[in-house]
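Two complexes follow with chain A in common, the first pairing it with chain B and the second with chain C.
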Partner chain A sequence: MNEAGKRPSTLITVLLFLGALSILFPLYLAVVTALKTPQEVAASVFALPTSLRWENFSEAIRLTNFFTAFRTSAFVTVSVVLLTLLTNSLVAYAIARNQDKPLFRYLYYYFISALFIPFPIIMLPVVKQTSAWGMDNPVGLIFLYVVYGLSFNIFVYVGYIKSIPREIEEAALIDGATTWQTFWKIIFPLLSPMNATVGILTCLWAWNDFLLPLVIISDPEFATLPLVQYIFQGQFSTQYNLAFASYLMTLAPMVIVYLLAQRWIISGVTQGSVKG
Partner chain B sequence: MSAISRAEVSSTSPPLRRRRRGNPTYLLMALPAVVLFFVFHTYPAIQGILYSFTNFKGYGDFDFVGLRNYLQIFQDERVLAAYRFTFGFAVLATVLVNVIALTVAIGLNSNIRFRNLLRAVYFLPNILSVLIVGFIFNYLFANLVPQIGQALGVAGLSKNILGDPGLAWTGILFVAVWQAAAFNIILYLAGLQTIPYDLYESADIDGAGPWQKFRNITFPMIAAFFTINMVLAMKGFLQVFDQIVALTGGGPGTSTESVSLLIYKGGFDGGQFAYQSANAVIFLIVLVVVSLAQTRFLQRREVEA
Partner chain C sequence: MSKPHPTIRRTFLGLSLLLLGAASSASAVTELEFYVGNKGIDTWKALFAAFEKQNPDIKVNLVVPPDFVAVLKTRIVKNKLPDIVAMGGDTNFKGFAEGGVFKDYAADPLLKSVKPIYIQQIQSIVGGKQVYGIPYTANTIGLIYNADKLKQLGLTPPKTYAQFIAALKKARAAGQTPLTLTLKDAWVTLPFMNAIAVNTVPATFAAQKNAGKATFKAAYSGVADKMLEIAGYAQNDPAGTSFADGTAAFARGGSVFYIQGDWALPDILAANPKIKLGMVPFPATNGANTVVSSVDLLLASAKDTRHPAEVDKLLKFLTSKANVTTYLRAVNAPSVQVGTVPTDPILSAMKAPYSSGKIAGAPFNLFPPGLNAETFFQAYLQDKNKAKLLDGLDKTWTDVVRRSN
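Moving on to the complex of A and B:
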């Protein structure tokens, strides 16, 4: 609610800007450090680089085999988002439209109760299982993200689908549409706001997640970007300029997406978490 | 044509709702997901519980040992220390995140300039990888903070706090709160926007001050959001992992070892597969109990308010 007629508060604006500095300052230092020479890094944290060392980025790309990891991360993230949107909404639809039946009601509780299960309890066995089944690779990772997202996504999708009037579907059914057609042609498009929310949260999760690739991926060739940063940190922990160049390149894709779509992302996150 | 004939049929046959009861398509839609979820989530969880009663090392043969792992865990000082650290950290982080997030959200919801720009900045940390944020702060704690500490003459900050067993947790707390506040700010903001402005106007007429308005209008009106944020934050912080790996790796010594990190380390590298499985089962019970107790307690507050 906007307080019409009142003047904007300068004091609160200034305080919020000061608070915002605590967010922007570490990121600014990261950028500056990534452009320094090792000598400049050692000399002072604050000082600006005398010349912009873009070579740090190419050197970091070479050392981390950046593009291989980037391709893996991009492949995993895009696949997970697409598969999640297409499959999780479908399951939620089946559950939401049959909640009067005990079987589907129990399925709903089954998925939701898994929200409380901490990852460490499945971590050890699932690693044995995926490696035994030859799934200790990006494809296995995609599988697990899509499956592990189900609990939360069903929670938010079911809440949203229940708010869609059944009459729309009944009209389609009368016109001769099958249940599948009804879902894909009528319900799925109506889910767009929730699809955006789920898509954004899934994208951030799959791109940034560290623990699942850490335990699942055994072959370094299949490492995702966060995993590469972890290995890289262990090997070159003192070469801060190269490390920071590498970190920035890992953060960059999400930051770019965020700058382009930030309003949409903020409202999407709000919707998903509140209306569920 | 077919549409008309179907409509006619349906007018004479039982109502749609009842006819759909046996629709097998819905079952088909849900079945693959249920199977996959069972295979990759429930089944490993059951396996984890079963392993917890064995002496499995992660390889080779094993025997069932009953409750031995569980009995040992309650006497294992390293495990108990991990629980103490994790709980202390999670409680502090949950309180701090919620106080900061609610304060910032109220600021962002008030009548200010550059509202959209500020909102965008405050949400930024949420899109960044926890691990990499941890690495960046690791550098700042090692290089920037000691410089500032020396300049200000504060002995505690003049060295790398991450290297001090008594202080390393503050660094982890700082980074975790720095990042997690973003998400809660957005949720509180969503809650604040549901409060009708009339309420504040009538409070103004009654002569209420800012604190009275917060206590009697704002806080009760967003009680449900407060519950969600407290439960989500607590559950997330109890499972803290990435920040610790990036900042201290659990050290110095084992002073910042969280339960998740201990299960990971002991389970994969320490040959304690079964032992840490038992720890994970206890962790599961603890998490469920804490989440349920929190929800109960906070929801009762909601009603009173």
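Moving on to the complex of A and C:
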């Protein structure tokens, strides 16, 4: 596989090393701080702990009510990713294949224009409306994520669907497939590179988002993981050792998702890059 | 007709089942919602457990919301204000109280055990006779010192401004860092400013300013001068030091003095349990100094709560002498109750002003919300431009008041 005469450039190696360092160093701080006593954190942020304080993790679990919040976060994220992939691709398909009709063209620009509206502007009306409709709970949250994702997802799906030849669908039509079957059996599988992109972005967004759950969720029992992290921040100070232990536990599922889905994600992306 | 994809059907089925599950959690017990910032949580829990034992028909749900003020605002929008809110007697409280969401306790017997000075503070924050919250704990601002370092320098805790400056000079001459200042956090300038202003600016300043009869330019010039002189003795790079960093540095013996409120003490002791600390009234003038003590926590209740009788029962329980003492001991805060002085040995020098009544609320609490005075002082201690500070405050005050009228 080695290409003759091509050696790795020193400059690029140094840059890659620095890039890796900029990720590894904060990660080192997070892991080290999570295993220290408050006194050790105050004495030196960078030093290694004298003994490993695993109690930080159990204490963080107790304080945040970790497993309850984890269940809510997992429920919201999984539902949002599934519903987003299934519904947003459908909407995009309808729009992409009907762009010769004014209504669908208008709808396309209508959805895209939502990209330009900052969330804080619509925040209070959304809070009031969700509360009035009894949607200030995880189910309401899921609904909002699926709808808010529409603008960006339609943008990427429509662009991609346009590149899929119509002839494939025509062939399916001749074989007697309905529009519904054409979509699920032919188009949806072809969308996998886009599904990967949308799935990953949606997953990270729904898992990490703070503001929307903060204003929507009324019942503390339904708090998501980002919300419960606040417990370590007092009025003026933060319990860094417990906070970092908790942050590590919160980010772990996303790392695991990535490790498990890595092969699929990369193959999905490369599949999209090679036309054939 | 083709059927929906099985995955979709399963997802919707799951969602509807969850909805059904969430809807079926009603019970006969009255539930009260109690909102509190992140302080003394375990003590609240213990107090509520005792209350629920006495009143089996009432359940108190303790809620510690992330971003307290933002969440409270959304609850007002939703028209679902918590039954009881425990918050500071600060500008945020001013906003909520003026919005008319809290019950007026002016005629309530629960206020009888509270020192009048704290009741007046709550009244003057809103500017009327109404008392929209029951003061529960107070805070106190002073000059914190490292007792060992002071002893090494052969000094006693300063009582006057002249003694304070002399002590700072002596510490510097001895090669010590005289003072820790944490200007990366703008709010830190407020206790600093309050401690001086309460002694040198008339208490009527805010009212006169609103009437157009006073200016920062005239009243706060001396405060600005003193702040700048004292700040000259701070460690290197105060603008790059946050409260958390500065507190840890002071705890490690980084400096002799630290200008903060009692709320910094638990953090200092957490970082270094062995440090010997003391606190004295802030030596702002060469006479007897008044100590800033504001309502740190007050209990306000929603005006239109659905359970007024239960709320009263809980407030009565919480404000009983025994329970107040339990809470104060846990959070190490001064009491607002009549006839009490700070009991923490670190605060022993603060007893005298409390028993003689030389305490007053923070001048800042009477500033209009939205003035953001802290950012002006933060900038001032870096660019040292007094004219910019005072003119800026005068102008912004007028703008903010005009905007809110």
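Going forward, the second predicted complex is superposed on the first by the 243 of 276 C-alpha atoms of A that agree within 3 Å, B and C clash if a C-alpha of one lies under 4 Å from a C-alpha of the other, contacts with A are read in each partner's own complex, and residues count from 1 in each chain.
Everything that follows uses one rule, which is that a contact is a pair of C-beta atoms (placed from the backbone, for glycine too) under 8 Å apart; a residue touches a chain by one contact, two chains touch by 3 or more.
Being a predicted model, the structure only gives us computed values, none of them experimental.
Colleague: So if we stack both complexes on chain A, do chain B and chain C clash, or do they fit?
Modeller: Overlaying the two structures gives a clash between chain B and chain C.
Colleague: Quick check for you: in the superposed arrangement, does A:Thr238 touch first (chain B), second (chain C), both or neither?
Modeller: second
Colleague: Using the touch definition from the top, say if A:Thr13 reaches chain B (first), chain C (second), both or neither.
Modeller: first
Colleague: State whether chain B or chain C is in contact with more residues of chain A in the superposed arrangement.
Modeller: Per-residue touch count on chain A favours B.
Colleague: Let me test your reading of the model: by the given contact rule, A:Gln229 touches which partner, first (chain B), second (chain C), both or neither?
Modeller: In the superposed model, A:Gln229 contacts both chain B and chain C.
Colleague: Considering only the touch criterion stated at the top, classify A:Val255 as touching first (chain B), second (chain C), both, or neither.
Modeller: After superposition on chain A, A:Val255 lies in contact with chain B alone.
Colleague: For A:Arg97, is the partner it touches chain B (first), chain C (second), both, or none of the two (neither)?
Modeller: First partner only, chain B.
Colleague: Return first, second, both or neither, reflecting whether A:Phe116 touches chain B, chain C, both chains, or no partner chain.
Modeller: first
Colleague: Using the superposition on chain A described above, determine whether A:Leu124 touches chain B (first), chain C (second), both, or neither.
Modeller: Both partners, chain B and chain C.
Colleague: So in the superposed three-chain picture, is A:Tyr247 touching just chain B, just chain C, both, or none of them (first/second/both/neither)?
Modeller: A:Tyr247 contacts chain B only, not chain C.
Colleague: Per the contact definition in the header, classify A:Trp180: touching chain B only (first), chain C only (second), both, or neither.
Modeller: After superposition on chain A, A:Trp180 lies in contact with both partners, chain B and chain C.
Colleague: Can you tell which stretch of chain C collides with chain B among 78-86, 114-122 or 240-248?
Modeller: The stretch that clashes with chain B is 240-248.
Colleague: Enumerate the residues of chain A that count as touching chain B in its complex and touching chain C in the other.
Modeller: 124, 127-128, 178, 180, 210, 215, 229-230, 233
Colleague: Which residues of chain B touch chain A once you look at their complex with the stated criterion?
Modeller: Touching chain A: residues 2-3, 6-7, 10, 16, 21, 23, 25-27, 29-30, 32-34, 36-37, 40-45, 47-49, 51, 58, 104, 107-108, 110-114, 116, 118-132, 135-137, 139-140, 143-144, 147, 178, 183, 186-187, 189-191, 193, 195-197, 225, 228, 235, 238-239, 241-242, 245-246, 259-260, 263-264, 267-268, 273, 276-277, 280-281, 283-284, 287-288, 291 of chain B.
Colleague: Under the stated contact criterion, what part of chain C meets chain A in this complex?
Modeller: 2, 5, 7-8, 11, 14-15, 18-19, 22, 37-39, 61, 63-67, 70-71, 74-75, 77-80, 243-244, 247-248, 251-252, 263-264, 267, 270-273
Colleague: Which bits of chain A are touching chain C when the two form their complex?
Modeller: On the chain A side, the touching residues are 38-39, 41-43, 75, 79, 82-83, 86, 124, 127-128, 131, 136-139, 142, 178, 180-181, 184, 210, 214-215, 218, 220, 223, 227-231, 233-238.
Colleague: Would you pull the chain A residues touching chain B in the complex into a rising list?
Modeller: Within the complex, chain A contacts chain B at residues 1-3, 6-10, 12-13, 15-17, 19-20, 22-24, 26-27, 29-30, 33, 45-46, 87-88, 90-91, 93-95, 97-98, 101, 104, 107, 110-111, 114, 116-129, 143-144, 147-148, 150, 170, 173-176, 178-180, 183, 204, 207-208, 210-211, 215, 226, 229-230, 233, 240, 243-244, 247, 250-251, 254-255, 257-258, 262-263, 265-266, 269-270, 273-274.
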